[in-house]
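Shared chain: chain A. Partners: chain B in the first complex, chain C in the second.
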Partner chain A sequence: MMRATKGDGRIAFAYLTPALLLLVGLLGYPIYQLVLISLFDYGQEQVSGGVPLTFLGLENYANLLADAKFWSVLGQTVGFAAVCVIGTLVVGAALAVLATRVRTWARLTLFLAALGAWATPAVAGSTIWLFLFDANFGFVNEVLGTTGFSWTYDRWVAFGLVAAQVIWCSFPFVMVTLYAGIKAIPGEVLEAAALDGASALRTARSVMLPLLRPLLIVVTIQSIIWDFKVFTQIYIMTNGGGIAGRNLVLNVYAYQQAFAASEYGLGASIGVVTTVLLLLVTLGYLRALKKSGETL
Partner chain B sequence: MRVAKRVAAVAAGLAVTVLATAGLSGCAPVQSGPAATGTDQQTGQLRVWLFDEVNRGPKEAVVKEAVTEFQNAHQGVTVDVQYIQVQSRAERFKAAFSDPKSAPDVAEFGNTDLAGYVSGGGFAELDLSSWAEAKDLLPTVADTGKVDGKTYGVPWYVGIRALYYRTDVFTELGLKPPTKLDEIAPLARQIRAAKPDLLGISAGGKYTYAAMPFVWANGGDIAREDGGKYVSTIDSTESKAGLRQYTELISDDICPPAQCAGNGGDASVEAFRAGKAAMVIGGDFNRKSVDASTAAGKYAVVPVPGTTAGSIAPAFAGGNLLGVMKGSERKTLANQFLQLLGGKQYQRKMFDAMGNMPTFGDVQNDLAKANPVVEPFIKTLNAGTKFVPVTPNWAKIDAQAVLPTLLQEVAAAGNDLDTAAKKAADAMNAAFSS
Partner chain C sequence: MRRGIAEVVTVLIAGVVAFPLYWMVLTALKPESEVISADPRPWTLAPTFDSFVRALTVQSFGRYLVNSLVVAFAVVLISLLISFLAATALTRFRFRSRTTLLVMLLVVQMVPVEALTIPLFFMMKSVRDVVPVFGLNHLGSLVLVHLAFSLPFAIWMLRGFVAAVPVELEEAATLDGASRFRFLWQVLFPLVAPGLVATSVLSFIHAWNDFLFAKTFIISAAENQTLPLALQVFVKPDQNDWGAIMAGSTLMTIPVLVFFILVQRRLVAGLAGAVKS
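On to the complex of A and B.
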């Protein structure tokens, strides 16, 4: 490889400047504002200028971290996101493999169905699922003969239903991505493995999986970030967090406690904490991969 | 890994920088205010925001009439009416307060939102001394438009809840409507035992305004004022007695939690409309929709009874106000339009069109004579009403769903009432003192 000289660096920097400016403007400034707001007592009174601003320092964070409800909601969010991520990956990967093995018309049907789910807006999707699982008039209760059973009342049943909805609308991304990945594996490689006498399982583990690894990393991180930030499904399907708030996840909790109540300072601090947590999760994940000998 | 470290370092550096600059220099989040403009134009466009309704047609027709009358009386003035969604009102009003250019001159808003809007600098103080009709406003209702003794809103209509019950079911089972608060639960249980398809009473776990009369009738309250500050009393013995009576209704032999715990006011009334409940606490504003349902012609209304026979439980004095925005450039016109639309003549028209209960004592009495159906509501109103704490922090408590959570924890999650009430009181006190 050629060593970069100082002049090259400067030119590279010049080329990158427009992108950098864009990133600073679109990403850096909002994050700066978010952090800034989280340090103030910033409610509607302050926004519209009726009341002077008070600088709180880290008080919003201290209050947040001292709140037992925050921790229980955080735990719930992590558990919920984990189930959704695993579910999405398993369903997505299984269907991707299936898609490579079936005839064209079957694959086409599968893709159309998946794209339909993918293209459905979250609000519409959640509402339709609610209709399907309605206690009195729902199709599902009709088929199962359980008319009157409420799918959104019990804590775990409600979480399960929402998780199923989240998986339903996020598996297509995983499926399409992995299908493309599997298709991109050169036929020669698989042929070579077959000539060496590798079983299907062995080929999958030792040939396909390593080749798919970069894609798997991307879809996993994407899924973690998406599912950790779930808002719409919980908000709509459990009517704002379930009975007595037992189905709350972090984003809905932040909305309820901070934005609906006009406590923007507190809300911003929840936003910062979420961002940091997601950053840590992603870094931790990358690090674990690195340890297992993968180059990024 | 170097990338990760660098990202972490940059993040930490950014945080430290922001902390330092925000603490030391004048660097602060944006503030913008509806600075009073001082101008008072006599022509041009007057902007009005009213709430959208499920069935808006009749409301729109009355408002159009008022607009035409106003435009004919004022040369060179046009009135632009916009209907905003109740669900997203908070966002709309917040945006209007922050940007006076997109704000209306006159607006309809819920009376529980008043304190928050006033402290947000949104609404101007009203001078009603020169308005002859103002003296006939019912005092308890007029108080819902005041903050610290100053008037910011004219009550446009008042929402009062009473007990709806199915006359056919009661006759069939040989029952009489309850005369005491503690008769409701046994009565409801008896009905459900005889007719398992019916909810004894449709009592929602999120239906705060149905639960509060139980608390008030027992001598409890949400909060009391103590030296200019509110202190929650939702965990007092009296309040808990009322909460216990209400949450008892949300049980399998009256209104099963799986069906009822998630319901607010609309869903509770909906069950009655669908013919699935023998009783419900509903508002005068629900009357028209019940008349258009399967329960039509088969129901009657009585005031929610108090703890002793013949008494009436204090109801929540809900309703909407009309106010003038602080940043309005046409204050005089705005006030004139408010007095026209909020005046006796148009309140009467709104009653005919929408069933909205007027806020003037004399208008109410006239209507009660002509429409016996509104009598239980007017009786309830005259027996004395209660209100939520008048503080901007109430919006916070409302948004954080403190009371619904309390009701649901006790009724559905099986939590202990003492603990749940204490938790709610702590949450309220935290909000009151912020």
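On to the complex of A and C.
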């Protein structure tokens, strides 16, 4: 399908120029700047120009690694992401299977509801959930008879609430993708399994699961990447990271260090750590794609 | 009978999933006394548009709505043109570094853009001194960052749509004497329109939903704020105006919902293509 005429490269380059300019200028250069800022003592005095910049080398990183708070935030981030990823996958997969067992009208009802959850902007979704779980005027407390109970006070209850909101708006992607995957399995394969006397469970485990594996890997890693980066939900639902910052995750922590505490250098170093961790996940993603036969 | 039970369960789950949205619209339509009530009811007998009026007038929500629309449409239109050209280059031409570029496009999608707020904040601060409209406190700064962030995925997704157009068509057009330029805009562009719609919607949603960059860049120009931030002005330490917040949320959610429903088929097809099942 490709033609290799002379001058192709030049035309291709011309077509690519606007995109490359934007990507280099607004993604590449900022990444370089992020690393650079993380190597300096960059606070409010330096920003206003009163104090010259001092090069710290890796001191911000050393401070970070020696700080117990950083490790607890890192742990919380991993734990929070894990709960969200597992919740999203379990709910998404279960509902995808359920959707294959019902008639069209029921399936459409479910998909329409899921589409609504999927489409709701994170800011609006977070606010709605906050109101549903409001201590005094919330519907949930009314139903449970626990009026006055604060769902955002206790650290783990608050994390649980945010995780539930994240799962609510991210399971539809998994459900729709896996449903399409299950539907793509040829009917003959399943018939053959049934003829061989395989039970429904056996068919699911030995026939469907291996066929769906590449798709499962993709949605899992996609979910890890999304849930590791959750910002808006935590920021809005726990009011910027909870009381005394006990509901912080890495992204919010970096933001608060930079823009609330004016420790831009330290904030940038947290950002670099987050980026590196995500790049490692991405490498796994690329390898998984390669294994599943995707060609670029 | 087992299917009957499965269907009842399905509908119940759909109800739970849709409930927060129902609650949002319901609260937006309730009179204030019913919103701030110790025993909230899941219905209202006196629906009113008071909360919408409050949201749109008191805090000039309308102004923020327009700002959000301006940013989102600017991002959509510009990214449409740029990603179409880039996707064409990446599918119709073979050149060195093509694979490298594709891998880069995939990798940059994983960069946590939240971490880039710090360097971008300082960049936009410097830009403000040179070209004010693209600097801090101006909508242009938001257009620029969302363009950059939505391009990789847009290009990645459009690639599949461009590749689906048979090369013979281009050869036929060339034989008929059409220039490369004419082929591009009069043949290829209309043919990949469905893909362009799907990618546009994603770019729109990306820009429309943004909370973080609006919060970081629009620091002292209240008149240039966008919807997600405007929603926060009703959140007050003493007493949140929940009616207005829910009315605002409704106004913010409806456009996205409409777009989503319009393109959901293509979206799913496009995503399936992008992740390749």
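Just so we're on the same page, the second predicted complex is superposed on the first by the 236 of 296 C-alpha atoms of A that agree within 3 Å, B and C clash if a C-alpha of one lies under 4 Å from a C-alpha of the other, contacts with A are read in each partner's own complex, and residues count from 1 in each chain.
The rule is short, and it goes like this: a residue touches a chain if its C-beta (ideal position, glycine included) is under 8 Å from a C-beta of that chain, and two chains touch if they have at least 3 such contacts.
Just so it is clear, the model here is predicted, and its values are computed rather than measured.
S.K.: Check the residue A:Ile243 against both partner chains and state whether it touches chain B (first), chain C (second), both, or neither.
M.R.: The first partner, chain B, only.
S.K.: First (chain B), second (chain C), both or neither: which does A:Leu22 touch?
M.R.: The second partner, chain C, only.
S.K.: First (chain B), second (chain C), both or neither: which does A:Leu74 touch?
M.R.: In the superposition, A:Leu74 contacts neither chain B nor chain C.
S.K.: For A:Ala198, decide between first (touching chain B), second (touching chain C), both and neither.
M.R.: neither
S.K.: Touching A:Phe55 in the superposition: chain B (first), chain C (second), both, neither?
M.R.: So A:Phe55 only meets chain B here.
S.K.: By residue count, which of the two partners contacts chain A more extensively, chain B or chain C?
M.R.: C
S.K.: Given the touch rule stated above, what does A:Ala135 touch, chain B (first), chain C (second), both, or neither?
M.R.: After superposing on A, A:Ala135 lies in contact with chain B but is clear of chain C.
S.K.: Does the superposition put A:Gln256 against chain B (first), chain C (second), both, or neither?
M.R.: After superposition on chain A, A:Gln256 lies in contact with chain B alone.
S.K.: Quick one: is A:Leu286 in contact with chain B, with chain C, with both, or with neither? Answer first, second, both or neither.
M.R.: After superposing on A, A:Leu286 lies in contact with both chain B and chain C.
S.K.: With both complexes overlaid on chain A, does A:Ala106 touch chain B (first), chain C (second), both or neither?
M.R.: After superposition on chain A, A:Ala106 lies in contact with chain C alone.
S.K.: Would you mind listing the overlap between the chain B footprint and the chain C footprint on chain A?
M.R.: 31, 33, 36-37, 47, 279, 286, 296
S.K.: Along chain A, where are the residues that touch chain B in the complex?
M.R.: Touch list, chain A to chain B: 31-33, 35-37, 39-40, 42, 44-51, 53, 55, 57-58, 135, 148-150, 152-154, 239-246, 256-257, 260-263, 276, 279, 283, 286-287, 290, 296.
S.K.: In their shared complex, at which residues does chain C touch chain A?
M.R.: Residues of chain C touching chain A: 3, 6-7, 9-11, 13-15, 17-18, 20-21, 23-24, 27, 35-40, 42, 81-83, 85-86, 88-90, 92-96, 98-99, 101-103, 106-108, 110-112, 114-123, 144-145, 147-149, 151-152, 155, 163, 167, 180, 205, 208-209, 211-212, 216, 227-228, 231-232, 235, 242, 245-246, 249, 252-253, 256-257, 259-261, 264, 268, 271-272, 275-277.
S.K.: Provide the residue numbers of chain B that touch chain A in the complex, in ascending order.
M.R.: 1, 3-4, 7-8, 11, 14-15, 18-19, 22-23, 27-35, 90, 94, 97-98, 116, 119-122, 205, 257-259, 261-262, 392, 395-396, 399-401, 405, 408-409, 412-413, 415, 431, 434
S.K.: Hey, which residues of chain A end up touching chain C in the complex?
M.R.: Touching chain C: residues 1-4, 8-9, 11-13, 15-16, 18-19, 22-23, 25-27, 29-31, 33-34, 36-37, 47, 95, 98-99, 101-103, 106-107, 109-110, 112-125, 127-129, 131-132, 134, 136-139, 142, 147, 168, 173, 176-177, 180-181, 184, 214-215, 218-219, 222, 225, 228-229, 231-232, 235-236, 251, 254-255, 258-259, 264, 267-268, 270-272, 274-275, 278-279, 281-282, 285-286, 289, 292, 294, 296 of chain A.
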